[in-house]
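Below, chain A partners chain B and then partners chain C, in two separate complexes.
After this line comes the complex of A and B, so read on.
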């Protein structure tokens, strides 16, 4: 089922949390709403679910305007950040809840409900846990029960609010892969909210990046990663080194750092440059004239890569550089050594002042 | 400078702690508390039963043969049976409204719930005498239509309703505030209606707090003196509840029946306390039960 979000705005008192949000989700897509806290992503999800009302705008499911429809008529599955499992019911009855509350003429028989719940229990790999209470499960297990409960009503749309936010890193990773797999096998249109860019990029078909109640960029993970639309996104989606300087005559200059900026020929403005940690070349001897002198402050091997902290000799700002182990040992680098940095790739934004 | 202040403070707390830790001070405090509670709570309670049973069981039970005493027990039961269910339903309604919806004037409503606690019960009673008695238009109209509220059972019920209203509501507001609305939202999203959500999700989560509030409300409804005293008119055998009848007997120097009746009320108070103790544990668990 496709979802159209048409010009949705929402305020809490004098604070506007959503400002004219407008985009469409295709049937079967898995969308990540990504943004820092307070960006309005959870409010948008709750408006789609009907848990909150938009002040302006429309929510359209498959061409049908459901802006003012009741929650139960929307047939959405919703997974809450803190699971929201019913403590007084077993896992079985939690999953069966949405079926048991159906009006008698639509309600499946006890046997059908039992079969369905058992199928879902095997889908979440918790077959032996039907008789347990939520308090007897781990966080990851609870979240899977919450997912099964949402899927039991066969929703056309699945909404997940920071589904893995309260779990530890390893369980997060597992559940993330599992969600991706589940989405591929069930094919249900899904939106999930997260503030973790890695999670969003790994799981989603498309990422919607929100900031201050507005959409900053929409695109596939590759596209957003390779072509961030503005400085905010560059900063937000990954650790990037930031250079503040001037653009003049097709060049960007910040202290001793100089690079070509052919997309801004002739203009003279303030600009920002971003370089990802692995887009640096470290040389012991200066070569060419576009290189930057820096001192190695700290070396930290992390798994297959090595992270280096360097201090620029001109501004004394810190730079973060990453390289693989082989390259690191080939260069034979040590702390407190002076080196020369060149950039392989840089993105320049004019800040227009 | 800051460091100096900090170290001063930490020295102070250290010395307070060490003096608190000393065994003599600790024992002194504990014995003082026990002595106080014993003198002012336990001794009077025991003396009630002692006085009631001093003349033997025969005199004790014959006290309840008095038709006025019997009628006071009956009236107290009627009032309690009328008041507790009404305040339970409205207590739930108010707690639900205040904790699950956002609206203007919410804080004022929560403050208003406490009004009966901050107003003297005598004033509570007086309000209803003025409102429904001969002094007001409404009262004169009611009396002309043969509806007598003041100096009658309805007046006693209304006064007791007023005084005991906050118990259930207050208990539930704090509990439901703590529990939040996520479970109700989950239930609604799964297709349940409002009633289904209330009976399947909300009620099981608040049942211990609700029971706790009901017990307190019940105890107060039985024991209320001030407000009831003003509206009742003290008609023996007609509008005297148990506490009023005790005062009546005492003023007539009938000490044995007065203490006999008092012993029943005290017994009820003790049962209330035991139930309260059991429930308190469960309420704690319910409040902490959610992740």
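After this line comes the complex of A and C, so read on.
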């Protein structure tokens, strides 16, 4: 089922948490709503679910306006960050809950319910745990039960609010792969909220980056990663070196750092430059004039790559550089060594004035 | 299966032996020794005298009355206590704090004051009694009313914290799965507050069994009709029949102990599955 979010706004008192949100989700897509806390992503999810009402705008499911429909009538499966399992019921009855509360004439028979729950238990790989209570399960298992419970009502849309937020790194990674796999096999339109960019980029078909109640960028993970639309996204998706300087005469200058900025030929403004750690060239001897002197502070080999922390000689700011092991040993670099940095690729943004 | 393991873990705050010793001493002095005196006294009188005192039809009628009215009052308090706790935790409204304070009033008020007030209100010419087509004061119904008054705070105060800590998300989960508000309450919320409500019920019930001050005025104390067991004890004491008074007390003690045990076992059986891991 496709979801259209049309000009949705929402305020809590004088604080506007959502400002005119507008986008469409295609049938079968897995969308990540990504943003820092307070960006409005959870509010948007809750409005789509019907747990909250938008002040303005519409929520349209498959061409049907459901803005004012009750959550019951929306056929959405909702998964909460803290599982929200029913502590007084076994895993089996938690999963069967959505079927057991159906009006008698729509309710499947006991046998059908049992078969369905058993199928879901095998889907979440917890077949032997049907008789346990939620308090007897680990966090990852509880969240899988919550997912099965949401899937039991055969929702047209699955909404997940920071589903892996309360879990440790390893379980998180496992569940993430499993969610992706599940989505491919069930094919249900899904939206999940996260503040973890790695999670969003790894799992989602498209990523919606939110900030301050607005959408900053929508796109596939590759697209967002390779072409961040603005400085906020560069900062947020992380691991880019940031240069603050001036744009003048088609060049961006920050201290000793200078690079061409052909996008801004005539302007004289403040600007920001972003360089990813693996877009640097390190040289022992200075060559050309667009290079930056820096001192190696720390060398840290991580798997096949080597991470270097360097201190700029002009501003003493830290720079993060990555290179592969072969290049590192070819260059024969050591801590406290002075080197020259050149950039292979830089993204310049004008910040006005 | 429970395996009792010896814990060799070092505790952050030491003093287990000392605090346990003090607790035991205190409980012995305050509760166990006085109660055991009951048994010692009644044991002195011999079986025959004991049974004839205890099985005196007038006394038996008073046990029945006490248990019946206390049970009824406890049930009424169970239902309305949950309701009041619900209103006080779920909604905000003007004067909420004040109303919350009213709940404790039956604790604070001397019970005889409550008894006199209730008797006056519910008597045939009283403000409330006048409006009712049936008699309340000087009937078992009147006793129940007094016991409801006395037992009100227990259920409310037991259930309130449970409702306060109840995760809102759990209700939202229930609704998102298609449950109606009533189904959500019946299947999800109520089962989780039942243990606390039962505790409150047990406390209110126990308190009602022993209640004297508020009941003697409204009951009218008619033999076989509105005499409660504690009144029988006082009557025997006034006649200097100490052994009969103790014998009745022992029976009351054993009966209420048995009932509380049943409620506790029920609660344990119910809560063991999910309350604590």
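Everything that follows uses one rule, which is that the second predicted complex is superposed on the first by the 353 of 353 C-alpha atoms of A that agree within 3 Å, B and C clash if a C-alpha of one lies under 4 Å from a C-alpha of the other, contacts with A are read in each partner's own complex, and residues count from 1 in each chain.
Simple rule for what comes next: a residue touches a chain if its C-beta (ideal position, glycine included) is under 8 Å from a C-beta of that chain, and two chains touch if they have at least 3 such contacts.
This is a predicted model, so every value here is computed, not measured.
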Exercise for the section: State whether chain B and chain C clash or fit side by side on chain A once the two structures are superposed. Expected result: clash
Practice task
Applying the touch criterion given at the start, work out whether A:88 contacts chain B, chain C, both or neither, answering first, second, both or neither.
Solution key: both
Exercise for the section: Using the superposition on chain A described above, determine whether A:206 touches chain B (first), chain C (second), both, or neither. Expected result: neither
Exercise for the section: Using the superposition on chain A described above, determine whether A:78 touches chain B (first), chain C (second), both, or neither. Expected result: both
Practice task
Have a look at where A:10 lands relative to chain B and chain C in the superposition and call it first, second, both or neither.
Solution key: neither
Exercise for the section: Would you check which partner chain A:149 touches, where first means chain B only, second means chain C only, and both and neither mean what they say? Expected result: both
Practice task
State whether A:133 touches chain B only (first), chain C only (second), both chains, or neither.
Solution key: second
Practice task
With the two complexes superposed on chain A, say which partner A:41 touches: chain B (first), chain C (second), both, or neither.
Solution key: neither
Practice task
Could you give the residue numbers on chain A that contact chain B in one complex and chain C in the other?
Solution key: 49-51, 71-72, 76-78, 80, 82, 84-88, 97-98, 101-102, 134-135, 149-150, 152-153
Handout entry: For the chain A and chain C complex, residues of the former touching the latter
Key = 49-51, 71-72, 76-78, 80, 82, 84-89, 97-98, 101-102, 133-136, 146, 149-150, 152-153
Exercise for the section: Would you mind writing out the residues of chain B in touch with chain A in their complex? Expected result: 182-183, 185-193, 196, 200-201, 204-205, 289-291
Exercise for the section: Give every residue of chain C touching chain A within the complex, in rising order. Expected result: 167, 169-170, 172-180, 183, 187-188, 191-192, 273-274, 276-277
Exercise for the section: Using the touch rule from the top, collect the residues of chain A that touch chain B in their complex. Expected result: 49-51, 71-72, 75-78, 80, 82-88, 97-98, 101-102, 134-135, 142, 149-150, 152-153
